[in-house]
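Chain naming follows the written order as A, B, C, D and E, and within any one chain the residues start at number 1.
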Amino acid sequence: APSEAVAQTETSTTISVSCGSVGIEFQVCESGVRAWEAATGHRVQLVSTPNDSNERLALYQQLLAAKSGDIDVFQIDVVWPGILSNHLIDLRDVVDQKTLDQHFKAIVTNDVVDDRLVAIPWFTDAGLFYYRKDLLEKYGRKLPETWQEMTETARFIQKAERDAGNSRMWGYVFQGRAYEGLTVNAVEWLDSFNAGTIVDLDGKITVNNPRAADALTLAASWINDITPQGVLNYSEEECRGVFQSGNAVFMRNWPYAWPLMNAKDSPVKDRIGVAPLPKGGEDGKPTSTLGGWQLAVSKYSKSPEIAKDLVRYLTSMEEQKRRAVVGGFNPTIDALYKDEEVLKANPFFGELYETFVNAVARPARATGVRYNQVSAEFWNAVHATLAGDGDAKTNLASLEKTLERVSRGGRW
Amino acid sequence: MATVTLRGVRKSFGGMEIIHGVDLDIDDNELTVFVGPSGCGKSTLLRLIAGLEDITSGEMTIDGVRVNDLPPKERGISMVFQSYALYPHMSVYDNMAFGLKLANGSKDAIDAKVREAARILQIENLLTRKPRELSGGQRQRVAIGRAIVREPKVFLFDEPLSNLDAALRVQMRIELAKLKEDLSATMVYVTHDQVEAMTLANKIVVLRAGHVEQVGSPLELYHHPRNLFVAGFIGSPKMNFLETVASDIGRDTATVKIPGGGTMAVPARTAGMAPGAKVTLGVRPEHLVPGEEGDSVMEGRVFVVERLGGETYCHVRVDGGQSVVIRTGGDSPVNPGEQVRIGVPAATCHLFDRDGIALDRVERHPLADLDMPRSATG
Amino acid sequence: MATVTLRGVRKSFGGMEIIHGVDLDIDDNELTVFVGPSGCGKSTLLRLIAGLEDITSGEMTIDGVRVNDLPPKERGISMVFQSYALYPHMSVYDNMAFGLKLANGSKDAIDAKVREAARILQIENLLTRKPRELSGGQRQRVAIGRAIVREPKVFLFDEPLSNLDAALRVQMRIELAKLKEDLSATMVYVTHDQVEAMTLANKIVVLRAGHVEQVGSPLELYHHPRNLFVAGFIGSPKMNFLETVASDIGRDTATVKIPGGGTMAVPARTAGMAPGAKVTLGVRPEHLVPGEEGDSVMEGRVFVVERLGGETYCHVRVDGGQSVVIRTGGDSPVNPGEQVRIGVPAATCHLFDRDGIALDRVERHPLADLDMPRSATG
Amino acid sequence: MQARRIAGRVLFYLLAAAIIVYTVFPFYWAIVSSLKAGSALFQVEFWPANPAWDNYAGVFRGQPFARNILNSVVVSVAVVALSLFLALTASYALGRVQFRGRGTLLMVVLGVSMFPQVAVLSGMFELIRWLGLYNNLMGLILSYMIFTLPFTVWVLTTFMRELPKELEEAAIVDGASPWVIITRVFLPLMGPALATTGLLAFIAAWNEFLFALTFTLSNDMRTVPVAIALITGTSQFELPWGNIMAASVIVTVPLLVLVMIFQRKIVSGLTAGAVKG
Amino acid sequence: MTTAFDTNRLPAPRVTPAGRSKGSALTRQRRRAALIFLAPMVIVLALVAGWPLARTIYFSFTDATLYNLEYHELIGFLNFYYLAVDPQWWRAVWNTVFFAVVSVSIETILGMVIALTLNAHMPGRGLLRAAMLIPWAIPTVVSAQMWGWMYHDLYGVINEIFLGIGLIDRPHAWIADPALSMYAVIAVDVWKTTPFMTLLILAALQLLPGEVYEAARVDGINPVKVFFKVTLPLIKPALMVAIIFRTLDALRIFDLMYVLTGNSRATASMSVYARQQLVDFQDVGYGSAASTFLFLIIAAFTVIYITVGKVNFDGQGGK
């Protein structure tokens, strides 16, 4: 429950919070906020911000750079703490260590910048491996464990299906467009091959290693084999489009796609399953990249205390549970993955628990302000490799050079 | 060489009919002049012949070919627009050469033609100018030049010399006449200048409010106008008209009252006229003679004297309040305010009935008919 | 009422000087006519007076006020443009009323003025039309109307009647004259029509290539042209010029050779001339008489006869190859190809020295100087 | 002869048809998409089997879309009015009066629109906040001047220059002040130019996104493009294509009406009969 | 730049001759009026554009970052140096210029054709004009996405149609295939901005003096020649302006590429590059430098256009 301290504040002030735009995300956020209003008697103005995370970040930066207090509480992406930390206040005093520890370690560490807790985890996200149950059964194939298996299975089923006249069938689709999403996918490949995550936690640039090269080479081999060249311009929705219209055997995507693909008008309704992403070879590990959103309070907020209280409330276990049940948002709190109410609403939370806890973070923390640049350089290199413009080795090599320059010799 | 014929040609703008059924034959290698009050439809008629406006009803043929549906370019005409319609962005030279280039004659041929035209029109030194840097008359000459460089079957000139000075106008007149002979082309020519009309025309068409009033050789119109309008329109200063009555009708003469009490027997075909009929007596200023001579004498008071140097127009208010103009020599001593006596030679008089229709004169004027040679062949 | 004076006014377009230092006095309530060959600078001069063009150098005053720096609207002028310049989007009525509305007169006053002008100009039935629906002459009349409705001190007319028919032109001429009297305004008037110039002008300014050749009353210019150019430009058909030599110089007479061998003593101030000097003999067509009379007789062969009805121009090539024009009566029997004898009255002749400058005539022509009353006061 | 004319006509109409297909098909496709829901979006069908009109209703759910349209109208109209007014007077000066530095000025005006929008964004943002116009339609109207003004000024200047000079002279002699000349003589003749620039400016303002997004905060200050961009599905990544298309169709219709009205102003022969020669 | 664009390159109708003479009353009166009329426009523009542009140019000489804007120092032309040596920047420059040249050329020709068509009198002209304007009327954010949808290699309608009429034998990944993407983008841009050209040209066509066409008809000049020799020269000024502004926009093209192909290097334009630096990488200094550089490039282009087109800039009516 909201702490009395704030509850007693006589005058009711208005603060504004940006959480999602319209749609469920917005509604769920709103209902939570209203509850808090009711409890504290403060008013909250919900600011809807662009859906595209790039544009959202741009907008935030615009406001913050101008020291505008127009938004008190920001919903920020898991890769932004480093970028925005300068404009955010330390939230150590919002939640005690105990509550903090309930949250996934990976995320919490990700939210700490120079020992300042600049954001508190709100909900998480992780890449999932969607597959066509029916097709696997039809061709008596088992769910692929490794990327190599996946490749082989995909190729087989794709050929079979095409021979069966489904000329549009493809094996595997993922987010291959030159944007953050590709970084996410590629980090999964690399990490699953134990090839690190571009830059390690100490800021050392690790991306240029043979295993990484293997991963990318394999991925590049997919294009035009089991993956349409089009993926080079796919983001989440295009993938879902292909998969949902029954034109792909496997797909990498976020959990959001699950309910949509099981909508009643969906051609693949009840014929699909989700699993952790494949391993990079026998010695690899299944990995998925950490996504999700945190809540932060602006340095320029006129009433930071009240804002903090709102953050405390929204990130609390109760609220996260509610959001999980009504909105299907993945909580950032271990316990909730065992809560049967939550599991009832979202069956696969249980089986994918591992995926969520072990989700690997992008090197946002190490690279701090320069994360975007690193990510851009990385996805460009990957994109080039996939597009067949230079092979993995050379591209990674030159990427390393570029990153050296960007990081000013690993000092970041 | 071409003939143009119009049959019952009508033209309306919106609801309003502007040309009311014109029948006209323009013969081969002949220069026909349209004259008529401002706004009577001359330009419109020209534009119809050019094919710029389409005929509301009627028939038009050029060289016997029905051209109602032929676009201008296929009618073999060229035209000088009353509002020059020069290409504003082209130099004088290009304005003239433009029409030729498409007929892709050789560069030199074109150049020769343009320069020749420029020479004739005395605009050689302006060839590089843009229209907006030209004076009114210069623009007009460019417009003429543009028409004459291409050698069409039919020339259409809409007041081509209106903005030129007298001297230049005379020269241009001669040049155009020469051009017509050389190309043996047919020309239709609109002008407000009497001298131009009389000297250039083989045939003059007098228009009024979209109707053809009379068609004939210049001197025919001068000596045998069909009605008051033509009589008044041809000749300048215009014919004097005196409202009077025919006191007595003989065969081939009508005795009419003259202001101031006298009477005069005017030779005219009087068939079907009764004594006492209202008539209009017409006599031209150049035929009135100051003094006693003449078949009858009017008296009056000079109220305006216009001296042009070579000649003098005196406006006289005769007894009964009507006024007449007399044209006399440049040095005639008459002054405003003086009483004068005016002799009226009966033979030169015209009679018009109450409807303004002219009574035929008893004998045709010798010059009226034979289309006299204008220049010595030798 | 206003006087306009120009002092050493020059105008150049770009590099090119168009007006070369004009000095001119236009008196109060006087009508001054500019004449001159096309392109000589008449319109430019008018535009300078209007203030539409900058004077490159020189002085201009209106009513004694230096106006070099006065914008047009403050000069109290109104102007008829050679190219009409009507407001295309306004009806005829609004075109005329526009200026008045700006001077915000009362609605009724404006309406009255506009309708009155329309009546004078005979365009009452066109008031609602747009310019593009008008004939050339009608547009021109609208342009005039626009100028006369506002009653300025100075009217500037640039060939205002060039597109009107003879009859209408005469009427307009009279109306303008009346207008001038009524408003006792000053008018500057550009025309190419000799009759207009001679009858309207108090003073004619003859321009050539941006220079003033001569300024004077119409008859002064007619009888005492200062040089060949003026002599040739004033009067139509133009004066005949015969190249010859002064065989003998008496005091106040010069004996000159006549084509065909004869000689003739021409009265003229011969000061500073020597026998044998090249001279040009000028005699006007209307002064030559067919037949024997006259102080000397030329012989020649008719090669062109132009019959205007009321008069006849015969072009005669005289012995020695030069040609002259004779103006005779309308019915004169002469035909092309005939031999004719031409009498030359010495008193009417003009002499010009080798530079084309006229020798003063011995006595002034009686009409030349006194500005005769044109109309009876009573 | 006749045959050739007929052939010409036919060819002409074929051309017209081709143009229509080329320009209109994507819009048609937008309509089709706006009637699709869920998985139908992922199939190609040239007319949806069961049109989902719900998309249209959906547009107005969840956000004050009507209000957004109103905002856009207000902003666009104001922008057009303001920039046309400023540009018209300026274009007279630039197009018909010669003074030193005219070309320079024109070039500077043009230079203003040579910076990428994103570059001026921050500065403009500060300016807007400084003027206290943040989250205020006035701010948008003002900031839009930066791209509508140079354009309108240049176009109107060009057209202004084309008008025959005698007209202006006649007006001057009639005692018209420059202001009168502009409003009473030139304005009516500039119909086509004004209608055109007006339309283009209007649409430019109507479709502007970046400024509108950055300079407004609350939903009921947003303009249409932003509102559309903010339409999202149930979760971050889902793109509710049907709704977006429906919204786009909705907001395109007013523009078309506008065009239908304004294009009447685009007529020829306005200066006919003005001058001779 | 301004010398290349001297006033006498586009002469105003000489109601009063140029300023070299001290000028008569009329001239000065008009000059005064001109100043008064210019003032509001200049003021508004200065107010709106002054600070943002100055700021951008200033920052382009600093190492400012969004991270904290205050603490920056002047580093002279360093940013520009980095820019000059960054192959990606030059790749972007090339992309943009190529894009601009090709698309603007096509738009001009196409716009001309459509304008001429719409200029002819025919039933339903109003409708056609409206239809013609549709692409311009749809917000770019949307239409770009829509085209992306239509371009989709698997369920995009374009592939569907082209396969249908046998233009292609297999589905193409129009915007993913580096070989095609630029042309795909250009196609969209042409579709979207041709109306802009069309409308301006149309307006220009309307102002042509009708009577010279009558003269041309009488002279029997065939329409094609009339178009090239009369129409084109007469609408040249308007056309030049249209082209200039289209080129400006094309050289600053951003959202189209951004939405269609993200940051893909194959199509990234200068603006996309600048935005990435400015916003994504928060490198205000460097981003501003890129923007300023972009500004310079555009200015250069404009000057070239104007100097090339100068000859025809005095196409004003000769009446």
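Criterion: contacts are C-beta pairs under 8 Å (C-beta built on N, C-alpha and C of every residue); 3 or more make two chains touch, one makes a residue touch a chain.
These numbers were taken from a predicted model, which means no experiment stands behind them.
Undergrad: Chain by chain, through touching neighbours only, how many steps does the shortest route from subunit C to subunit D take?
TA: Graph distance in the chain contact network comes out at 1.
Undergrad: Show me the overlap between the contact partners of subunit A and those of subunit C.
TA: The common neighbours are D, E.
Undergrad: Going by the contact rule set out at the top, which chains touch both subunit C and subunit E?
TA: The common neighbours are B, D.
Undergrad: Taking each chain's centre as the mean of its CA atoms, which one is farthest from the centre of subunit B?
TA: Checked the centroid distances; the maximum from subunit B is A.
Undergrad: As a quick test, compute the distance in whole Å between the mean CA positions of subunit A and subunit D.
TA: That gives a centre separation of 39 Å.
Undergrad: Using Cα averages as centroids, what's the distance between subunit D and subunit E in whole Å?
TA: Chain centroid spacing, subunit D to subunit E, equals 15 Å.
Undergrad: Could you tell me the distance, in whole angstrom, between the mean C-alpha positions of subunit B and subunit D?
TA: 57
Undergrad: Report the inter-centroid distance (CA atoms only) between subunit B and subunit E in whole Å.
TA: 58
Undergrad: In subunit A, what residues contact two or more other chains?
TA: 65, 235, 241-242, 245
Undergrad: Could you list which residues of subunit B touch at least two other chains?
TA: Counting only residues that touch two or more other chains, subunit B contributes 82-83, 86, 131, 136.
Undergrad: Residue numbers in subunit E touching 2 or more other chains?
TA: Residues 15-17, 26, 29, 155, 209, 211, 279, 315-317, 319 of subunit E touch two or more partner chains.
Undergrad: Any idea which subunit B residues touch subunit C in the complex?
TA: Going by the criterion above, the answer is residues 13, 35-39, 43-44, 82-83, 133-138, 141, 158-159, 162-170, 192-195, 198-199, 218-219, 222-223, 232-238, 284-286, 301-311, 313, 327, 329-331, 335-337, 366-367, 372-378.
Undergrad: Along subunit E, where are the residues that touch subunit B in the complex?
TA: 209, 211-212, 214-215, 217-222, 225, 229-230, 233-234, 315-319
Undergrad: What part of subunit D is in contact with subunit C in the complex they form?
TA: Listed in rising order, the residues are 164, 166-167, 169-176, 180, 184-185, 188-189, 269-277.
Undergrad: How about subunit B: which of its residues touch subunit E in the complex?
TA: It comes out as residues 50-52, 71-74, 77-79, 81, 83, 85-89, 98-99, 102, 130-132, 146, 150.
Undergrad: Please output the residues of subunit D touching subunit E within their complex, sorted ascending.
TA: Contacts found on subunit D: 12, 15-16, 19-20, 22-24, 26-27, 29-30, 33, 42-44, 82, 86-87, 89-90, 92-107, 109-124, 126-127, 142-143, 145-146, 149-151, 153-155, 158-159, 161-166, 168-169, 172, 177-179, 182, 192-193, 195-196, 199-200, 203, 206-207, 209, 224-225, 228-229, 241, 244-245, 247-248, 251-252, 255-256, 259-260, 263-264, 266-272, 274-275, 277.
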